[in-house]
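Two complexes are shown next, each including subunit A; its partner changes from subunit B in the first to subunit C in the second.
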Partner chain A sequence: MNGEAGAIAAAFSGSLGTFSLDVAFEAPMRGVTALFGPSGSGKTTILRCMAGLHKLAGRLSVGGEIWQDDAAGIFRKAHQRPIGYVFQEASLFPHLSVRKNLLYGARRAAKQGAEELIREDEIVSLLGIGHLLGRAPLALSGGERQRVAVGRALLSQPRLLLMDEPLSALDRMAKDEILPYFEALHRHLSIPIVYVSHDIAEVERLADTLVLLERGRVLAAGPLFELEADPGLPLLRAPEAAVTLEGRIASIDEAYALTAVSVAGGMLVVPGIQGRLGDARRLRITAADVSFSLSPPGDTTILNCLPARILSITGQTDGEPQVTVVAGLGADGAGARIVARITRKSLEALALAQGSQVFAQIKSVALLASGA
Partner chain B sequence: MPDIAELWSPIRLTLELATIATVLLLAIGTPIAWWLARSPATWKEAVAAVIAMPLVLPPTVLGFYLLIALGPNGPGGWVAGLYGARTLAFTFEGLVIGSVLFSMPFVVQPIRNAFEAIGERPLEVAATLRASPWDRFWTVAVPLARPGFITGAVLGFAHTVGEFGVVLMIGGNIPGETKVLSIAIFDYVETLQWSKAHILAGGMLVFSFCVILAMMLLEKRIGRPGA
Partner chain C sequence: MTTGSMDSDDADETGLATARMGRRGAPLTLIAALTLLLAAMMIGAMQLGRYPIALADIGGAMLRLFTGGAAAGQIDTVLWQIRLPRILAAVLVGAALSAAGAAYQGLFRNPLVSPDILGVSTGAGLGAVIGIFLSLPVLGIQLFAFLAGLATVALVSAIGLLVRDREPILVLVLAGVVVGSLAGAAISLLKILADPYEQLPAITFWLLGSLSSIRNGDVLSALPMILLGLVPMILLRWRINLLSLGDEEASALGLETHRLRYLIIAAATLMTASAVAIAGVVGWVGLILPHLARMLVGPNFERLLPTAMLMGACYLLLVDTLARTMASIEIPLGILTALVGAPFFLWLLVARRDGW
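So, the complex of A and B:
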């Protein structure tokens, strides 16, 4: 784990009615940390405690600054913490115009002597809200309102951005409209973000670090791609198990309109011209799309066929039709991890075991987003 | 032709009384309404009930107790003694105190309702945007509760203008000091000066209509979001 100076270290415990919470985790001071779990797992409570909107026993330090420490009697109130908080509903002030909403936190931050690291014009163009500034919040669509709310939070010059399921109140179309803006924020701003979600698709697109929660306890915390391929965690057991991989565009085939993205331990081809050489990209491979063969396949329409080594096999019990296999890319298996769901029959027919050298055939690689 | 000065005196007095009372009502009623809307204390409803008492109490009952409280042997008399007077009863100051107590529920209730309707969320949002509790109150709670303030102010003003029973008990009928409109009209009717009663009553009718209409138009204009 990182030293506390470069990290967010949180520990909270207490009970609210019948629900009891007891969590401790560390997250890096950069990128997006997702608090992920089913509803009732305590995600929002943790976020509210981090914001100072709710008080439970515990300790919280952010980048070396102590915001709460019961032992030392420290508890900074919400308005004394340099945070930005985006609620589920945009909660714009109805009596102020969009521009005045944006500047509400900015003015107070300036008065308190906060350095202006995030400028209004930058945020306005990043979030595409320039044409809305003079309007009243009630005249905006749901997606527009949530973008303004994000901009308002950022302009208060936070050291930490907290987002509580900011997309859950939006319909599919509004979500698709807003996600690219979030990804742009992720790329352009260096503020750490703690993002609460129960939607694995959002987590896969945005998160770098994952804190996995269940009934008020932390199941695991760590880099997203590690937890996704951890045989001990529920993510891998889920029917829609998948891994995300970070890579950079290594070559572009203009004639066939294909883009090759280099990831740790191999090269993956995705359809379409997906950017320029060197651009960072995030890819997603579902377990159902991966199959193995012992020799390099000859004639096949599958473009992505990489050497890999099997790292673990789970679910190998009598009566179960399928097993879940985690493999590492590269002949030595040291590259990025992928997961595969194959039949127990195939596993036994090919005599696959931990350490087996295989060729992973990946039927489809989805481009998720432009990674960090 | 009735004497203009004689008619004008109760009108001026009433407007003065209602204006001062309304300002005091807002100044005192707002923190009470805020506390009633936001405090988790269970006994706050007992306080709310005490404030609401004038709604059901006959004005003469309230007036009677006020007369005792403001009189030479009550706390009002003690206060009056501080500046060399004998009593607060039958004085303009006494009328102000009585009016404030009598009209309090009409001001506190709409403001409390408006504060409650805002909910926790906008204030939490403001807190995460670095606004202190005082700052949040003035820049979020008060503007969002504006309809409640307007309703409270209009009701408080109107009830002060129209009050008769309490005023009669504690104010009596001293021209220029406690003889307000409602008392003056009663007086003119008693003494069969119908034309003077007509002028004052008719004036009240027009005035009331104008105030209510102006408030409604004002509310409609400033109530528009983003204005």
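So, the complex of A and C:
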């Protein structure tokens, strides 16, 4: 495997009852890697194997350090791995205050002489838990408890943060409340995070790298935006198919309250003043919001019309009303990929084919959150 | 942990206490008050009984003990041979069961467990019943109770180790219930087979728990075992707090807790089995008193352990004194503790589902 020093390389196989797992993937040592798939796809098992909480045959190296290698007889137990692990439901020490819970992680890290890369005040402000420090864990809400648990995990100065559906035990409101804090962590900390989720909305907001799982196998692994636009994968076939794009704020129109975000191959306008020049932003475009025309559209209320080139067309079979089109932004199609769902009738009327030059009209661009 | 960190914990948690429930005063004051209460109750219990002894006579008897004066007949006999051993046994057994209960509740992260949870009490009960069935002397019965209690825990733990890939705490608890009911079946069988005039009453009385036949030797034989179980709890009291997380959470924080957990289970079992060996099966003490103590001082084991032990001692001394003075016949302890314990347990179940 190449570039293992800067990567997480994992391979596990084995069976648990009737369920068999056989996976191998690589993920970068930075950003958020999401293990994504339906329940029963093995994502939590993989995470537990990475933590050393569960042992399957395999190999795991993290940033060049071998944590498991059956061939060499290496298996570091969970408590010997420099990890932070966030469980579905946070359990804090009931006899310690929030602050003491946080410091518990830090104290151990200091004892082991770990370099203090993550500071307490930084974590407290990123997670917004300053006002909770004096409280007892019993007095916290589910979302607050989970934020404290994340803080405690991070202050133990782990080399890798593992999160097992940390939002699944929370209700919608608590989820919406906590996600911005996770995004802030993602933006400000350099520690790699492996995040298990079955919720595509969480993945779109947080993940950089995606490991797509199904029934104990890896369907695909790679950058999120590539996998979203891969015609061979179920993400694109799903009715709610969408792509995420990373960009930076290029200009701000204060008179009309619009923000222009430059992405690879073009510029997209989103409503509202969404930050300062140069800020990183993550955008989401659903396949249903994209249509194509052959010439630059004249009178239209749609702000985002960009030249693009069609890269692939799938689902073009008799009896199917719609086809799925992947296009690359820019006249050469080398920019960011977008996906569109259009009728087969329109496709044939405009004689669209792979390589066609088009103008993509994007009815709505959602600002997901601030990207990396 | 060092004493230094304990001090800083204390300083920090004063604010926490007020924020949390406002009923956690300075624990030292509480412990001193409980100690005084226990001492007062012991002196009170010495006076009460079929043969009342005046306070002045107790003072005189104590004085004689130190000055080596001639014994004043019956008073000294009742006090030193019968009443004091019984009081000390109540204190010892109450403290031991309560300490074991506090440890089990912390280990299993479940407020509704008690020394019965691993089948310890029933297992030790079976051992004692076998001893009675074989017409062994008292010491033999105690030894059997103790060995059977340990064997039960060993069996339950072995099942826990065999069943992998399941929630380990749940497996242990279920294994305890199953092994406990097997022991219960064996006890029933022995009761049917036992001599109905000689052995059956003894078995029944023993299974209900009683301190009526306690002698000095019993106290002296149980004391070292109970202390042996107490030592690791005192030495590791700070680390026992860490067990409230569960093994997986703990190991994800870089802690290895398996061995500690088994060590504390063994220690708590040793204390329970020793108590059962001299007092019979006294239920409920190990459930209720640790709970009340936790309500008073919170879940920090450093405070919980002494508070629970003192409260357990006071409680069992009170119940045993009632048992021997309330009616003309001895009321078995198990009956009185169940009368208080069962309603309390139901209340816990219904009213305090918010955790602990």
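Methods note: the second predicted complex is superposed on the first by the 370 of 372 C-alpha atoms of A that agree within 3 Å, B and C clash if a C-alpha of one lies under 4 Å from a C-alpha of the other, contacts with A are read in each partner's own complex, and residues count from 1 in each chain.
The rule is short, and it goes like this: contacts are C-beta pairs under 8 Å (C-beta built on N, C-alpha and C of every residue); 3 or more make two chains touch, one makes a residue touch a chain.
None of the values given here were measured: they were computed from a predicted structure.
With subunit A as the common reference for superposition, the partners subunit B and subunit C occupy clashing space.
Residue contacts after overlaying the shared chain place A:L16 against subunit C, while subunit B stays out of touching range. Contacts of A:F292 after superposition on the shared chain: neither subunit B nor subunit C is touched. Contacts of A:Y195 after superposition: neither subunit B nor subunit C is touched.
When both complexes are overlaid on chain A, the residue A:F25 reaches neither subunit B nor subunit C.
Shared interface residues of subunit A, touching subunit B in one complex and subunit C in the other, are 51-53, 77-79, 82-85, 87, 91, 93-97, 104-105, 108, 112, 135-136, 138-139, 152-153, 156, 162.
The residues of subunit C lying in touch with subunit A in their complex are 9, 12-13, 15-16, 19-20, 165, 241-242, 244-246, 248-256, 298-301, 355-356.
Note for the complex: subunit A touches subunit B at residues 51-53, 77-79, 82-85, 87, 89, 91, 93-97, 104-105, 108-109, 112, 135-139, 152-153, 156, 162. Those residues of subunit A that touch subunit C in the shared complex are 16, 51-53, 77-80, 82-85, 87, 91, 93-97, 99-100, 104-105, 108, 112, 134-136, 138-139, 152-153, 156, 162. On the subunit B side of its complex with subunit A, the touching residues are 121-122, 124-133, 135-136, 139-140, 143-144, 146, 224-226.
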